[in-house]
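Chain IDs A, B and C follow the sequence of writing; residue 1 opens each chain.
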Amino acid sequence: MTRISVTVDGVESTDEVEPRTLLVQYLREARGRTGTPVGCDTSNCGACTVLVDGRAVKSCALLAVQADGREVTTVQGLSNGALHPVQRAFHERHALQCGYCTPGMIMAAVDLLRETPDPTEQEVREGLEGNLCRCTGYQNIVAAVRDAAAELRGAS
Amino acid sequence: MIPVGFEYSRPSTVEEAVAALAADPDAKVLAGGQSLLPVLRLRLAAPTTLVDLRDVESLHGVRVAGDDLVIGAMTTHDEILHDARVAEHAPLIAAATATVGDRQVRHLGTFGGSLSHADPAGDLPAVACALDATMVAVGPNGRREIPAADFFVDYLTTALAPDEILVEVRVPDTAGWGHRYEKFNRMAQAWSIVGVAALVRRVDGGVTDTRVALTNMGRRPVRATAVERALTGTAGDAGAVTAAAGHADEGAEPPSDVNGAADYRAHLSRVLTRRALTVAVGA
Amino acid sequence: MTATQDTGTREVGTARRRKEDAHLITGQTTWTDNIQLAGTVHAALLRSPMAHARIRVDVSAARNEPGVVAAYSGADLADELAGLPSAWQVTPDWVAPEHKPLATDEVRYAGDAVAVVVADTRAHAVDALDAIEVDYEPLPVVLDMERAMADDSPLVHSDAGTNVCFRYSDTFGDVAGAFADAPLHITRRYVQQRLVPCAMEPRSVVVAPVPAAGEYTVWSSTQIPHFVRLFLALLTGVSESRIRVIAPDVGGGFGSKLDIYAEELLTFTLARKLGRPVKWTETRSEAFQATIHGRDQIQDLDLACDADGRIRGLRVNLLADMGAYLQLLTPAIPLLGRAMFPGIYKMDAYEFGCVGVFTDKTPTDAYRGAGRPEATFAIERLLDELAAELHVDPLEIRRRNWIRHEEFPYDQIAGLTYDSGNYEAATARATELFDYAGLRAEQARRREAHDPVQLGIGVSTYTEMCGLAPSRWLGDRGYAGGGWEAASVRLLPTGKVEAVVGTSPHGQGHVTTFSQIVADTLGVPFDDVEVVHGDTAAAPAGLDTYGSRSLAVGGVAVWRAAQRVRDKAKTLAAHLLEVSEDDLDFDGGSFAVRGTPGATKTIQEVAFAAFAAHSIPEGFEPTLSADFVLEPDDFSFPHGTHLCAVDVDTETGRVTIRRYVAVDDVGKVVNPLIVEGQVHGGLAQGIAQALHEIAVYDEDGNLTTGTMVDYTPPSAADLPSFTTDRTETPSTTNPLGVKGVGEAGTIASTPAVVNAVVDALRPYGVTDVPMPCTPERVWRAIHEAQGGTS
């Protein structure tokens, strides 16, 4: 077992983990953050995307021990009461159906907009290439991300 | 989904890391983990120790040393994409890195990790070969330099000894050269079916240097020397480019898999080499 | 009469944002795998790496591994585990081999489970699988359907004596006459490749027993909680009333969760044996092997036509791959397309034959469209080939043959009655949005210029049958169950409404859509309606969600139940206002005495009065609630015209969709936002079949494309934007005038895309590209048509 300290959605905790524990398992099982789901075992689907020190990563492609000393933000820590503009835009644009990919999609979009505040449609599509959705055909996701971008630009 | 159990070590110096590797013959280096973690999860490999290099400060970052660009092995793809020195001295690296994985993978995945993994479908090994980069490794017997051409030995196999660590990559300056990484994959997220890394230097219009290396046209990156010979010394016109590109698959032994049979890859290598050179000569 | 005409409110037809979203966008979800009950143990399955082998399994060493609670082979549980059900006996003499949840003596596909370990953690359960000893004695493997039909083929089920599951045939009209002397035949073989549904949420099951009471609560990532309860009861002998099945948040299905799976029965049995909660969640790699696959059909087609392209008759002969076993609906899937091969066209005769074949592969079953995409692909590809043969525009050849709008309702050749439609209107709108003439002109220019990137234009004018299904129709075809749907609507004392439905959504937005219907019918605010679903304790009656049935059948049931509540409220309102019901108007949620201003009762006031029951008419039952079980009259038939333009790089073979226009007619629309979303998602899956996805087995029967790395579901970067629009021709088979939309996009798009690819390459002599039209296959098609070898 290895002792790690990880801040998850603003709460720091020190835990003993097996080194083989994936970050997503740690989040779901040790920290109760089940809002981040697992969709594959090859790091393709991106459903488990979270922010580590502000950067989007796939939490199935990282060991919990690698997150030691870092700050993790999941979809459950994205908003403080009010919805984040990306969450709101997903709702307004009907950018989700079953919702399983949604946490990862939202976190990847937040990260994309950090770096590219005014993305073109193609930039959104390529920026989200690491997140698979089987329901929406992506069109409304792309629209939602661009709407959120406009709102975030207006707010800054 | 769940890896086989292993010990975890997180050294803070290269020496400690080398010692940790030497202590367990079934130990493996953990860099960004973007190739390793999926392999562990599918239980296709079961190292008994992972040596995490994240805290080895000297492996991170990019610097310029003399005429060379020096890239620390633990520098992430994302850091490379945002590094002005890479953009200036080796824009081919930046161009190819932008096509690696997806943004999440690029945040964690490292330059050295991609090279050490030596996946023939990975994009950076061919780029390193085209650039005539030099790999710098450290092991129990000290430091040694390995030319890129000798570093990639076989499928998923490098010249590194089990207790050696790739610490940095020295890249000759190619500022002012025309460059292009022409990647062909079936889906945005997918590995290259074929990729072509091309560099062309022109002096007074004439082509003085040509470097072409191919991704996924064999068990390791392939230097398309026949193409290089054919284009060098020409005026770099469309006819010369097309003629040179026709030699792209000479000597290559492309694989056949679900993404493409060997004959298709051979054909693609010629088309993509033409396209890559067309861009590279234009600079 | 439609719901909007019922009341003064106008919820139906508006793009209400979904009620479902709030918890999904914030991560406050209840996926089955999120459920963590105290004392839970975790099951992991050992799966065969061999496609066909005799097995001897020894699990004893696994029992000594850390954390292991129990380990069983198939033989250990043979007496306790019943065979899995197949509910659709398509012919009297079908072959339906026993299908045990754990193989007992033979495995018949790579992924067939041979043993189970239960441990304190998932990691321990997985670790202990390594300790199980299995002796695999290889048996001959048969993977190819035509090979499986040969007399000397290895047998998947040796005791069956054949690999043929069933033979089915039907003839309509004078086939011999239609084909005799027909001046033109379009004869083709098309292959519907094997597909993997890839719902984003892998399957998961949690079973919590109350041992002393003999009660069980089952959470399952399923489309069909009611079927799961019924079959668990039938297979275990536990009374239905002691089994509660909950489909909590379910992350997509597309048919893959329309099944009774080995792991559901196994997890239930383990929980019963061990007396504690048991959980099983599949990995994605397991899902590729152990969750059903779709399509996998060889189609031999012959279209007989007059010289001017008028269709005389159609012959269809199918080979359909069952895989190694029959799952819930496996043999029926190709037959669900039986009547749809004629498409929107008139013809004099039609012959349909289908042989279902066993192979050593993962079982197939319903995948989005289930039989209809296959049929639509065949006829729409044939129509484009016919057009090419006659050098006629593909839209023109369709006009010559399609059913005209004034001919509805139309009794088509295969015995179905198409309720309504207007193919002319949808096509006119689509060609306008697409700039069909402009793109044709550009295509001509680029052909002339020998552009290495050629433009192709593909057409698909589809119809499909949805609203599964009239119960008698199902019974006539050998299905064990019915096709009705149930709803209960309760106007609560507070004036809020609870609508309990038997459908079980997993992304379709039923909560929002049904709220709109109820809000209009009762005149209550949209936000005052709660929709309860997916829990057999709360919604005991229902037949769940598949086959584009939820609105056309379930939505009508909800509407009918709400009407009953409204009628009951009216009776009480008249009593309270001391007038005759005939003197009351209902508008905006209020009953008003005609001609007497101020004499009103809101429906909320009536609700409380019905609850208090202080003053009720003679014979009036207190409370305002009503049930309705709706038996559908008939199917409804949405239709539409899809146009696709592709750029094909003839040097690399890459296909890029440049423009995609979908004009769909799904009857009356309750929520246009949700309808559009269904179309988008359907298009993505149909395009993925056309261009990207295929399940490939190697010669030993290993699934080569067994992860998302190789199977390549498309990302946002691999798909275009779509232009969608609608025409609206109400259905005449249900009072809401609605038709289904869940599968239409998938059904329509695959042939549109392939037609476009082939159209781009006709100057090169290409007449077909097998799906998926990957760069390599496109390049090879060009290469071979140009006389090259490969």
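Operating definition for what follows: a residue touches a chain if its C-beta (ideal position, glycine included) is under 8 Å from a C-beta of that chain, and two chains touch if they have at least 3 such contacts.
Chains and their UniProt names: A = Carbon-monoxide dehydrogenase small subunit; B = Carbon-monoxide dehydrogenase medium subunit; C = Carbon-monoxide dehydrogenase large subunit.
Just so you know, these numbers come straight off a predicted model, no measurement behind them.
Trainee: From chain B, which chain is the farthest off, judged by mean CA positions?
Mentor: C
Trainee: With respect to inter-chain C-beta contacts, which pair, A-B or A-C, contains the greater number?
Mentor: A-C
Trainee: Measure off the straight-line distance from the CA centroid of chain B to the CA centroid of chain C, and report it in whole Å.
Mentor: The mean C-alpha positions of chain B and chain C differ by 44 Å.
Trainee: Give, as an integer number of Å, the spacing between the C-alpha centres of chain C and chain A.
Mentor: One centre to the other, that is 29 Å.
Trainee: At which residue positions does chain B touch at least two other chains?
Mentor: 1-2, 4-5, 42, 188-189
Trainee: Which residue numbers or ranges of chain A touch two or more of the other chains?
Mentor: 18, 20, 38, 41-42, 44, 126, 129-131
Trainee: If a residue has to touch 2 or more other chains to count, which residues of chain C qualify?
Mentor: Expected reply: 123, 283, 285, 707, 709, 715, 717-718.
Trainee: In the complex of these two chains, what residues of chain B are touching chain A?
Mentor: Listed in rising order, the residues of chain B that touch chain A are 1-8, 10, 30, 33-34, 37-38, 40-42, 50, 52, 54, 78, 101-105, 107-108, 188-189.
Trainee: In their complex, what parts of chain A are in touch with chain C?
Mentor: Chain A residues touching chain C: 18, 20, 28-29, 33-42, 44-45, 47, 74-76, 78-79, 83, 87, 90-92, 94, 96-103, 106, 121, 124-126, 128-142.
Trainee: Could you list, by residue number, the parts of chain A that touch chain B in their complex?
Mentor: The contact residues of chain A facing chain B are 2, 18-20, 22, 25, 38, 41-44, 46, 49, 52, 55-58, 60-63, 65-66, 108, 111-112, 126-127, 129-131.
Trainee: For the complex, which residues does chain C have touching chain A?
Mentor: The touching residues are 17-18, 20-22, 24-29, 31, 33-34, 36, 123, 198-202, 249-252, 254, 283-285, 506-509, 673-674, 676-677, 680-685, 707-709, 713, 715-719, 721-722, 745.
Trainee: Which positions of chain C touch chain B when the two form their complex?
Mentor: Touching chain B: residues 122-123, 126-127, 283, 285, 651-652, 654, 692, 696, 704-705, 707, 709-710, 712, 714-715, 717-718, 774-776, 779-780, 790 of chain C.
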